[in-house]
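We just call them A, B, C and D in the order they show up, numbering each chain from 1.
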Amino acid sequence: MLRTKEQYIEKLNKMKPNIYIGDQKVGRDDPRLRPGINVLSITFDLAQNPKYKKLATAKSNIIDGEVNRWAHLPQDPYDLMEKQKLIRMGARRAGGCIQRCMGHDAISALSIYTKEVDEDKGTNYHERFLNFMKYYQENDLVGCCAQTDSKGDRIKRPSAQADPDAYVHIVEKREDGIVVSGFKMSVTQAPYADEIFVIPTRALMEDDKDYAVAFVVPGDWEGVKLVTRPVWHRQKDDDNPPPICKTGISDSVVIFDNVFVPNERVFMAGEWEYGRRLALLFADSHRHSYSGCKPAVSDILCGTSMLAAEANNITKVSHVREKLTQFAGAAELAFSAGVAAAVFGKKTKSGTFFPNTIYANVGRKLMGELIYHEFNLLTEMAGGIASTLPFKESFTMDELKEHLDKFIVRNPKIPADLSLKIWNLVEIMSTSGMTAELLVGGVHGGGSPIMEAIALSLEYDFKTRVNVAKYLGGIDKEMDDDVDLETEPWMKLRFDEGDNE
Amino acid sequence: MLRTKEQYIEKLNKMKPNIYIGDQKVGRDDPRLRPGINVLSITFDLAQNPKYKKLATAKSNIIDGEVNRWAHLPQDPYDLMEKQKLIRMGARRAGGCIQRCMGHDAISALSIYTKEVDEDKGTNYHERFLNFMKYYQENDLVGCCAQTDSKGDRIKRPSAQADPDAYVHIVEKREDGIVVSGFKMSVTQAPYADEIFVIPTRALMEDDKDYAVAFVVPGDWEGVKLVTRPVWHRQKDDDNPPPICKTGISDSVVIFDNVFVPNERVFMAGEWEYGRRLALLFADSHRHSYSGCKPAVSDILCGTSMLAAEANNITKVSHVREKLTQFAGAAELAFSAGVAAAVFGKKTKSGTFFPNTIYANVGRKLMGELIYHEFNLLTEMAGGIASTLPFKESFTMDELKEHLDKFIVRNPKIPADLSLKIWNLVEIMSTSGMTAELLVGGVHGGGSPIMEAIALSLEYDFKTRVNVAKYLGGIDKEMDDDVDLETEPWMKLRFDEGDNE
Amino acid sequence: MLRTKEQYIEKLNKMKPNIYIGDQKVGRDDPRLRPGINVLSITFDLAQNPKYKKLATAKSNIIDGEVNRWAHLPQDPYDLMEKQKLIRMGARRAGGCIQRCMGHDAISALSIYTKEVDEDKGTNYHERFLNFMKYYQENDLVGCCAQTDSKGDRIKRPSAQADPDAYVHIVEKREDGIVVSGFKMSVTQAPYADEIFVIPTRALMEDDKDYAVAFVVPGDWEGVKLVTRPVWHRQKDDDNPPPICKTGISDSVVIFDNVFVPNERVFMAGEWEYGRRLALLFADSHRHSYSGCKPAVSDILCGTSMLAAEANNITKVSHVREKLTQFAGAAELAFSAGVAAAVFGKKTKSGTFFPNTIYANVGRKLMGELIYHEFNLLTEMAGGIASTLPFKESFTMDELKEHLDKFIVRNPKIPADLSLKIWNLVEIMSTSGMTAELLVGGVHGGGSPIMEAIALSLEYDFKTRVNVAKYLGGIDKEMDDDVDLETEPWMKLRFDEGDNE
Amino acid sequence: MLRTKEQYIEKLNKMKPNIYIGDQKVGRDDPRLRPGINVLSITFDLAQNPKYKKLATAKSNIIDGEVNRWAHLPQDPYDLMEKQKLIRMGARRAGGCIQRCMGHDAISALSIYTKEVDEDKGTNYHERFLNFMKYYQENDLVGCCAQTDSKGDRIKRPSAQADPDAYVHIVEKREDGIVVSGFKMSVTQAPYADEIFVIPTRALMEDDKDYAVAFVVPGDWEGVKLVTRPVWHRQKDDDNPPPICKTGISDSVVIFDNVFVPNERVFMAGEWEYGRRLALLFADSHRHSYSGCKPAVSDILCGTSMLAAEANNITKVSHVREKLTQFAGAAELAFSAGVAAAVFGKKTKSGTFFPNTIYANVGRKLMGELIYHEFNLLTEMAGGIASTLPFKESFTMDELKEHLDKFIVRNPKIPADLSLKIWNLVEIMSTSGMTAELLVGGVHGGGSPIMEAIALSLEYDFKTRVNVAKYLGGIDKEMDDDVDLETEPWMKLRFDEGDNE
């Protein structure tokens, strides 16, 4: 089933209020959640739109018929590339994070992990997961993923924390399920998700086995509290606010306070050896998603910069032209990394196709390193006006209107009202709370550059490079490791020849 | 006279309301102006404080006795270095721009220019200016400087604009003064300045001579309207907000609508040949001021990053330590450039000592290039929490308090309430409207990196370098130009030998 | 036919001496050309090696059977990706530029252009070209490409130059062919190429039609002089030099002095409208080739840095580990761009598959921007020893050997002779003439970053980004251009669906 | 006495041959040492030249009369600034490192340390040192400084090394002196220095006390062997080589093989507590010297880039102009840091004036970080020709001359012979062994960026910045530490008020 956004919202509105914003407890109809819901609505609209249907949906490998691509398990490199495209297209409309990729990356990770753990330990998680997936796909559900624990003292492992709630953990194992407690933080999208996936955030040792827990619960499940910080750009409704003011995001601390999870929704309960594996499956899949959304942010900044340059009548200035190409470089290099991650990806035992982690990491790393610089580029082209423009309301005062309408015009081809719209957009993009969200999220969302550097430091095939140097320096007679065409992802044969497994 | 802040505010409150914020016309007692007034108050407090008095005041060369250093005309390299120090110290307390340097740089520029134009053209501006200075120093006044015209079409000169108001200009010359109209923009501090200095923003041609105009008027002068955008970080008073929430800034569009300026307050009225000179005297002096305030911003970001690292318990991590030294490099290189600008400065005919422009420009340029990167460093060390932390109010709710107080603790040595104060500061510094003010102002305030690149491109002694290359390459037999010890500022003899004139 | 390197060299040795090195005229057996010939030999060896045969050869679309991949016209995205891989693998063995890609890129460009110009103007170049290709593939020939004219005054077009030889041009058109004169410069590999392809270097106007000329001649053709600058790292033969000392490169000025070219070898003779097209077809194809070789250079620098770190016993130091991941980022982002260029490439009318130019350009641009930084990384990890190590011969002197053998050991696990080999490699990579070749070639070979910025500035779909911004800012009601899935390369459907034409 | 260069060389030629280049033992008249001697000669010439005498000499505080500034102990901030100027001026003539600063920095460090250790431990080193200084100044001697030990395993301290010679150490203490053995490396200038100063390279523990040793011996002292690597750009004499080909540098491994040092030349013999102090006194003084020479390297690169741009006729292109200002920024920021280090320096108990270490470090760090980028700028402006230009000799061949003379002309105002000189200079600067020397030395000479980062990490007053943040965040009520005007160097009062002690 492909839901409409109306159906999505209708279901949200039936959920129990368990959301806290500031010092208020609210329901899902709180207007401060609406901007985020509007973003998710884009994902339903695209699947309904005949023009985009082919991209925004996919043929399920689980149920009969078409499903929303966000609920689909990728089966081949194309599915990964289509995901990238869909994210980029959606993020352009959302003016930033499209949010629904979290659920997609969670189901990909769980599908692969459950297959592996079952084979290794004789558990039955994969079947449970596939049963849940049928429900998930048939109802076109939205899932968020709660991965980051609050962690407490970063030097200590979960079981060594003074406060056990620093990591979500199993409090009690019962016949029919488990009881869990603890805090997850920086969880995007939770108040308007149908389901919350919960997975570990790090490698675990045997002592940490109570912290080896993965499951899924509805967003308003008993004992779950969402402490939410919604962000969007407020503008009065009677100003007929532009689309950039209608979308937003939210992050939540999710408090699990002795929450019972029935067995059919539990996918890990003590298998500590798989903590790292599941954490990385989600993280790497999510980093691949960033090769779709970060290029969209570059696209938006590029377009906004061009409007500003046009309003300043400096589009032909040489340094402006050069700066604009920097957006192209940033966006397309990151996008390329996502394509390479797909091309050199791997068909896992579960059937789910998984991106190559080296390429997923180099792409995400680049974007995290460049995001502040990209906003700097916009500021350079826009000029100081972004932070010194009088408030919009001043432009409507009788005493000022005549003056300010003259004041605002720079490029004679752009009249006052259009100029004001442009500078309003520039201001929202470069000086608002959304700016900070894009900057901080651009650095840390899905893993900071330092996390990707660590991933590369552990996974990149440095040995092959040493062998190259040893050969060239006359230390080794032959370039031994290079003879095996399989040593490095880029050495793989054509991915359509079925030898990527 | 050294005023107290109470005296300063008392005078402000007597001024006529000519300020527009949003769609309201307000007086100087509007609470939204208070954060800016608090910043200026710091400049009065420092001069009253016995510990800082020596730095914050100076012996006037115009009136008898001590004056606030902000109202003092620098007489030697030490005065310029003391200005830097005072700005840095004040900006640390203000949490950013100390604002009062504008007036200082305006009087420096006017003192030099009026002397020169009088000698050249037989005008009488310098005497007028010195008379005004007596009043200004005796009353310890605060001046802002309105330099940037709204400019209209950037490709056309002032006299070629469709709308003459794009640049402030003389509408009528009368026996007793001049009448001016037009728009100045991005004027910091105007609503709480006693006086507004007005100077040209660019080089002028003969056709532009109506645009060659400089003068000073009280902030509430007849015909002057201030359309103001105040910025600060709002926090409820009952939260006992920290100092960072009590200071702020404002920028204004200043509308001159047929404003009469009496002769004794006019310092340029048609001398178009001096448009560029006066514009640069202010700009270069102001760029030197940035070698004081930008290091203070680096200091604040450095300290905030260290608190965040401490709260995250990662202060000993190698990349954190390295990142912190980047703040040291940024701050002290820019500060050094200011010192060199003072050391290699010049005693002008007016007696005012003027910073070397090469060094003033390289310092300002560096800081403009680094500001986004410095905020990036803070974000890297703080982590995603800066933009995902629940609102402060949630920490007070009965249902949440117990959970969130545990949630917020990371470093076991830092209790919940202190952690919350730290993250609140991090949030204000890295994700608020003040962040944007510091970022955009950091790039564009006092001239963007591209403006400083242009200044260097015009003023740096490239010819000497070509001569070095010609000599080394065997094209010239001798390194001719290098023999003159006076060719480059750094070649000058000891500045205490009186040969800097 | 797949030649052996012996057959390749045998043919070279039969060619007429027309090479000038310094003030000597030499034949192809001059030892200073040997390092370059050794590089080309790698390309023959790989095709003979059973392990690499599948990669290093391809099924021709022109003649029956397998051909060396370097002489093959790419037919699909896989062919482009295989080219990248082969270049990377070859460049790793060559210790830098594998050189033979030039011929590959020239034949790709000519195949596409000749088809297009024939359809447009009724010429017969494509058939001529295919006839030549049969000869070229059947004999497994090596081609270089002379594109860059000496250009003279960069401000003037070819026909406006004081000296017509600044660009290669047609001096005379005869029944049986054309006569050409002029200079090409920065031509890699010419003295050990079987054939020299000549193509235009820039867009041409009608006045420049004599400069619209493309053809191919053997390397020792009558009237062709090669003024050659060979570069490699000399080490005495009795030192048993390592492989890095046995390979090298050369660049030549090619002088055409009234050279007759028979019709069957002429592919453009006056079709000035196609100057730009052919120039870009080669340039973009060559930029795609750099997404293979530049990652190899990063690989070599990475491996050398790791050896240096090992010799310094600092491999576990945190900043060293981080720096090593920077090589991974550089190499794999550029490689990704090449993959994306292939995936989003285009099947041209000639049947040749052509890389997407946006992705080809962003990849090449990145590597050109990073090359100096990558050498900086090596230097940082190696330390000052790279430029202060005593000469190798000192290590053999009786009076010094005992001391120096102790001196050279840092990591106790690495004995003196191995340490010396490592530092010798570091020295060659970071302080020799090869260093400069890799640095300067890394910036300018195949087009400098500024050229790629210009290409992006002209070709990137900026309009789509403006539309995104206009929609988000409320200027346009709909995001119009985004509805067409074909607007941008990454929006294309699956490339296996045959709709890339 | 001020020696002439002839006197300097005459004395060198009388020294015993103890130099090894490759596998030859040579005297100081070996032509490969001449380029370095030519550099030192510049330092004698400047002091003889009436125009520069005032800068290049100083009034000694030890002997009566004027001494060469290189042999002078700086007494006040001006002396430090004059040193900077003299280094910059000398390095411009040398085309790089002027080398003689090493001796200057060694005597500064020894003067301060000997005074301190005597007061602390009752030794008599300061008097010994001053006696030596009389001899040194009276004879206008050249000293080099051997600081960097070969170090062996970087993880272990000196006394823990498998091979004791990894650090220079005391083998025997005798009545009349000490006997030392071990290796120093990366010692610039040794073969043409009159005296070799030897000082520790690091902090020492009590176990390392045999490694706590400082002394000075003549360059040809019994038991001292210099294994030397000279670098310069060779060009045939009959080509009338340009000055850049006549200067050069050398680095040596200095082998001490049971060398006896008489007491009057020993300045540390077991005082391990002062190892770190003396090592840092030299290092920080030397880093201050870099604020003179590195700007000179920027000057040379700037000038060479301008010549290249002129030859390419692109001087007015916007990106070229912008790039040139980057040299200005680099040079003058580093120079500023040196000025600030002088201004905020300290009069030590010995009377020697010592640069502020924070400013000395930020300046050196910047230049080490930028050096590769600066060469990149030159390459970008010069184009590929730097590494593809035919050898000079080809331009003289009859068969080629006519062609190549036309070939080489780009800017019509620059004839062939001048063009060739320019490209020859570009080639030497950007692709020769000297390039590598400037690059590697630019990173590591006097301490790599990572060493300066460590120095800043230890010495910068981070606590003050935390206090600023604590105040602004409401954690501390007062900004306590800021009230003390002495907390930070830039807070010091006027340096002419004698309160810098």
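Here is the rule we use: a contact is a pair of C-beta atoms (placed from the backbone, for glycine too) under 8 Å apart; a residue touches a chain by one contact, two chains touch by 3 or more.
It should be emphasised that the depicted structure is a prediction, and the values quoted were computed from it without experimental measurement.
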Check your understanding: What pair in C-D, B-C or B-D shares over half of its contact pairs, by residue number, with A-B?
Key -> C-D
Review point. Using each chain's Cα centroid, which is most distant from the centroid of subunit B?
Key: C
Practice item. Compute the distance, rounded to whole Å, between the mean C-alpha positions of subunit A and subunit C. Key: 38
Revision key, fill the gap. Distance between the CA centroids of subunit A and subunit D (whole Å) is 51
Practice item. List, in ascending order, every residue of subunit C touching at least 2 other chains. Key: 319, 322
Review point. What residues on subunit B touch subunit C, complex-wise?
Key: 318-319, 322
Review point. Which residues, counting only subunit B, touch subunit D once they are in their complex?
Key: 51-52, 54-55, 78, 81, 84-85, 88-89, 92-93, 95, 240-244, 299-300, 302-304, 306-307, 321-322, 324-325, 327-329, 332-333, 335-337, 339-341, 343-344, 358-359, 362-363, 365-366, 418, 421-422, 424-425, 453, 456-457, 460, 462, 464-475, 479, 482-483, 485, 490-491, 493-494, 496
Revision key, fill the gap. Subunit D contacts subunit C in the complex at 20-23, 25, 148, 150-155, 162-163, 165-166, 183, 185-186, 225, 227-229, 231, 251-253, 255, 257, 312-314, 319, 371-373, 375-376, 379-380, 383-391, 393-394, 396-397, 399-400, 403-404, 406-407, 409-412, 430-433, 435-437, 439-441, 443-445, 448-450
